[in-house]
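Letters A, B, C and D mark the chains in the order given here, with residues in each chain numbered from 1 onward.
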Amino acid sequence: MGILVNKDSKVIVQGMTGREGASHSRAMKEFGTQVVAGVTPGKGGMDFEGWPIYNSVAEAKEATGANVSIIFVPPAGAADAVLEAAHAGIPLVILITEGVPTVDMMRAVQEVKMLDAQSREHGGEGVRLIGGNCPGLVTNGEAKVGIMPNKIYTKPGRIGLISRSGTLTYEAAKLLNDAGMGTSTTVGIGGDPVIGTTFADVLPMFEADEGTDAIVVIGEIGGADEEAAAEYIKHNMKKPVVAFISGRSAPAGKRMGHAGAIIMGNVGTPESKLAAFKDANVPVADTMPEIIDLVKAALNK
Amino acid sequence: MGILVNKDSKVIVQGMTGREGASHSRAMKEFGTQVVAGVTPGKGGMDFEGWPIYNSVAEAKEATGANVSIIFVPPAGAADAVLEAAHAGIPLVILITEGVPTVDMMRAVQEVKMLDAQSREHGGEGVRLIGGNCPGLVTNGEAKVGIMPNKIYTKPGRIGLISRSGTLTYEAAKLLNDAGMGTSTTVGIGGDPVIGTTFADVLPMFEADEGTDAIVVIGEIGGADEEAAAEYIKHNMKKPVVAFISGRSAPAGKRMGHAGAIIMGNVGTPESKLAAFKDANVPVADTMPEIIDLVKAALNK
Amino acid sequence: MKLHEYQGKEILRQFGVNVQEGRVAKTPDEVRQIARDYGDAVVVKAQVHVGGRGKAGGVKFSPTPDKAYENGEKILGMDIKGLTVNKVLVTRAVDIDAGVEYYIGMIVDRNVQSFTLMASAEGGVDIEEVAAETPEKIVHYRVDPITGLRPYEARAVAIQAGFKGNLNKIADMMVKLSQAALARDAVLVEINPLFVDASGTPLALDTKFEIDDNAMYRHKDLADWREMEAEHPLEIEASKYGFAYVKLDDGNVGVLGNGAGIVMTSLDVVNRAGAKPANFLDIGGGAKAEIVYNAVKLVSKDTDVKAIFINIFGGITRADEVAKGVIQALKDGILTKPVRMRIAGTAEEEAKALLAEVNSPLIQMYPNMFDAAAEAAKEANAASAAASTKTVENK
Amino acid sequence: MKLHEYQGKEILRQFGVNVQEGRVAKTPDEVRQIARDYGDAVVVKAQVHVGGRGKAGGVKFSPTPDKAYENGEKILGMDIKGLTVNKVLVTRAVDIDAGVEYYIGMIVDRNVQSFTLMASAEGGVDIEEVAAETPEKIVHYRVDPITGLRPYEARAVAIQAGFKGNLNKIADMMVKLSQAALARDAVLVEINPLFVDASGTPLALDTKFEIDDNAMYRHKDLADWREMEAEHPLEIEASKYGFAYVKLDDGNVGVLGNGAGIVMTSLDVVNRAGAKPANFLDIGGGAKAEIVYNAVKLVSKDTDVKAIFINIFGGITRADEVAKGVIQALKDGILTKPVRMRIAGTAEEEAKALLAEVNSPLIQMYPNMFDAAAEAAKEANAASAAASTKTVENK
């Protein structure tokens, strides 16, 4: 169980022959993910450590029946790689690349949403982009399409995890693991200002997933994604949700590494996020370990 | 009867206070068209010869319930005026302006088609652009939304007329009038390379119109609109269609005033158009007056 | 507006296209100097707005500076299809055998209501020939006019066209071609040949670039590039008046009317009447006497014209204004050739009255366009026959 | 990358925005010369990357060239919030009372996944204040990132914001602002005040312009504009190493970790432990010993830092590489402040072994981030207290 990816997901890697693409392709394969092919324009026809390389996503999809693509293409070509995958009809596209220009992401996200709507209107399964600047996603024991360390995601668990931060995702997964609960699916949505999938997009999937009992949301300062998530939870979720917000002590106007983590005026403050979660009856952990206590308490209710 | 416009059409004029806009607003009013308001940004609130002027199409539509807009805005702002009308939800937009950059028209036409599809998918009536560089359209004795001379369109008739050329539209209408047949609706689709509505878009409306017995298509060299029309007629039309093609003696590669009238390679030649019409059993007049004979013959079959 | 090869290359260079280096020369000395500067074999290329300059001897390989001088001397001042060569482009020569020649182009395509990108591995030759003989060798791809061509699309087209070389670099050139076409309002832009060298790197060796006249108002920086001397003198004059005017070869009847459609049909009618139209001239809608006067003046200047056919269907255009313009031209001695007119519509009676007053055999009005055209054709053909007899006599 | 006012104005000018004329000066003499050239009252404006320069005395009206010289003397070399003024912009003074002051801006807005255009008739003042006190006076409008803002949209926003003046010209300025923002990858661009004179013509009097660092690779022409002297010296050094580094005010604990999220949380943990973080430093994923070494070196240079808290959750990052980097810094004498670390994950045991070997009281490892942070806070606060006692003693 879990959401978005599983044992049957057939994954292609855009940028497989690059340094990052190669090492993470191997790690995904080790994890047990069905990595079926790579795409590197100009290297079509090559065999790369047993994987066939294609010049285009369309060719790779045609040849392998892939339904997930993970992108390690450098920033200048990353948005184009997203559009290529989306136009080729890949329903799930994960953009790992960090440092993609925001204007490129705005355009790509808008176009992907349009393609998604068109696909659904014509009875298709739609198109979803996750990221960029994200660690990807992993369904424990089934498939990892991302860059997170393998070993903390091996044991299947029943807690869904969504996070804007990469390292905190690992931290939270390890805490849940060590506490004997473990995660069902972990979704790193990314720390950039414009991303393909938000908390509020992922929450309904966990709500519908029989393999998930509760959800942990790792937010941070900046933007209003946490507020939107709280609003969604308040009106739609039956499963318990526990939150954490990082950067609560960060000063306004400073960009904390994540381009998305910046408080502008009254938007994106920890106060606003805490209030929203309170209003939605979502307990917020003050420290990461406290997440475990809150999840336990929520499950025991 | 007739198509697209009638006595109930409520028309706004974008660019009413300009020279062309003003004189044609008067002529349309004289014809009997319900001209309800003008739009000239920056002149909102003004009274222009009894018509209220608004700053935007949205305001004019809100205030008057207009469902047709005719545009006399100069070339640099013409495509923007089209988008304004289309986004404001005006279902029929007629662009008279000549000299609009082709790239602007490409973008406007594509966006209008997207809005049209969206509107229809949500149960709306869609959005149609006619022109640019066209004389507009007129349903005899009901409403003129265009710049054609009033007097040849007063008597209701039963022949539908579609034309890429302005002057030939008048010529053909007069011939039909003088022959005692008259026109139902005349649609000038415009002579530019990229236009909002083609022959093949208008033909089904005439086919469905109870007030139309036969259709005259006035084509010209360049492009493949006539070929597409012939293809449509062949497979879908029951009513007789008669055609005329101007520029048959024009040399290849020369642009004959109409930017659309240019033969490139084997595309757009008179031979190709004649063959297509022949294949669709559409008689083609060698001279304009011959149109009358062919229409009569077709109706008497 | 058609650009010269060197101008089109300059625009493509601004958009980052890898273009073959070259400099413009107006004298053989300048040609030699450029060849010396390059220190290499060069090609000297006539800069004129006509096709087939190569076949006409307007493009010459020059292994040495002296040979370049010699070729410059030959080409500068040369007449190619009626146009004099005033400038040449001198480029480094490329060893074509060390690579392959492809074709890429963007063209306004009314059938897809956007630009179509064309790509063919059959470059270096006239693409019209490829289109006519082996159309399957040209890949056509509609470019979204809002987003422009994207790299992944360009790569797919390049693969489909069978391009060899560095796929990313070639696709990048296609993307830049698209950006240039959209930003500079091209009607047509071609890179042919697109040379791909042994390392796989693409290089634009020759270009065609034509800009949408309707969009020139937003390319004021290019207005200087319109080189009047390189166009037909009557077309230059017509552009000053704002007329849509096209000079046609081998004609003897001057044709003018109000509207592109009616003028096109007038050409057909003149042809049908057994004569040949010498021009296309659209005076536009609502023309006043002065505009008609200028139009008559322009057509009269054309020595090919032996008679003039005026075809007006007046809606906004008033027949009496047309008549006034023609009469004024007659009075000023500008009009010396027979005018045969059909002016229908608004103020037709007033026009008749004005012409009756003047009562000149040079100006005749007819109730329909066929009679007017037939009379104009008769007059023109008679004059042409007389002229050719005279020529024979003078020999 | 933040641009100076004069740089932002230069970009807007390139996009056709009507910008108030001005020239940059580095000496009072240059200021006087510019004032003389203008022959009019001028305003002398400090060019520094901080807000509130007006309140700090960095903007001065100068009715005569001598007064301009005097003001130039005052402002040049001035310290505004820790930054020295090296340049001033000298502009013609505008009679504000003869027109109105508006605000327009484009900002990356994650909530609409695009740019939001903001417009307010309350210009000339700090827009943050307007946002805080009377948010209803700011119109927000999502701009389509593919098409950009269209004139009809701009007119609607201008009307909604209650702008008076020439509607088309004001809308045109908004469209050009949008074009500049999209083409130049702005994160934020503002025109404030947007002055509309009595004739209704808009003029940009002051601007803010900030460019997306991720997009700098396609704005190489602007790279020279990054003026190192105007940024915090440690931030300049960090940018050379490619670190995401932010200097924080009033801190005493240096913080570094692998990933923006973990570092942000580390700041929170230090705060919670009763100390104040002196910086944000993300060493990124998969850092080798050398990178850690450089990070330690950078943080050690900060005289505010009394202790260092390192927080690593190793996935790709190996704990032993982190340990090696820290140990090397110690050996080289660079590390003189206590380091309290938590390094979890890959190669944790090897790291422990390496540290045990060195056995320095300066470097201590803890099983969780809270203990490490608490120890770092304790050390830092003790050192801070000692330092302040010393300061008192020295008085």
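Rule of thumb we're sticking to: contacts are C-beta pairs under 8 Å (C-beta built on N, C-alpha and C of every residue); 3 or more make two chains touch, one makes a residue touch a chain.
Chain identities (UniProt): A, B = Succinate--CoA ligase [ADP-forming] subunit alpha; C, D = Succinate--CoA ligase [ADP-forming] subunit beta.
These numbers were taken from a predicted model, which means no experiment stands behind them.
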item	value
Common touching chains of chain C and chain A	D
Winner on C-beta contact pairs when A-D is weighed against C-D	A-D
Intercentroid distance (Cα basis), chain B paired with chain A, Å	51
Gap in Å, rounded to a whole number, between the CA centres of chain C and chain B	29
Centre distance in Å when chain C and chain D are each reduced to the mean of their C-alpha atoms	54
Touching two or more other chains - residues of chain C	146-147
Residue list for chain B, restricted to those that touch at least two other chains	107, 111
Chain contact graph, described as a line, ring, star, complete graph or other shape	other
Touching pairs - complete list by chain label	A-C, A-D, B-C, B-D, C-D
Chain C residues within the chain B interface of the complex	107-108, 110-111, 113-115, 128, 131-132, 144-146, 182, 185, 187, 212, 214-215, 217-218, 244, 246, 248-249, 257-265, 267-272, 277, 280, 282, 285, 313-316, 344-346, 368-370
Touching residues (chain side chain C, partner chain D) in the complex	146-147
Chain C-touching residues of chain A, taken from the complex the two chains share	41-42, 44, 55-58, 77, 80-81, 83-84, 87, 107, 111
Sites on chain D touched by chain B in the complex	147, 150-152, 155-156, 159, 166-168, 171
Chain C contact footprint on chain B (complex, rising order)	75-76, 99-104, 106-107, 109-111, 147-149, 163-171, 174, 191, 193-195, 218, 220-225, 228, 246-251, 254-261, 264-267, 286-289
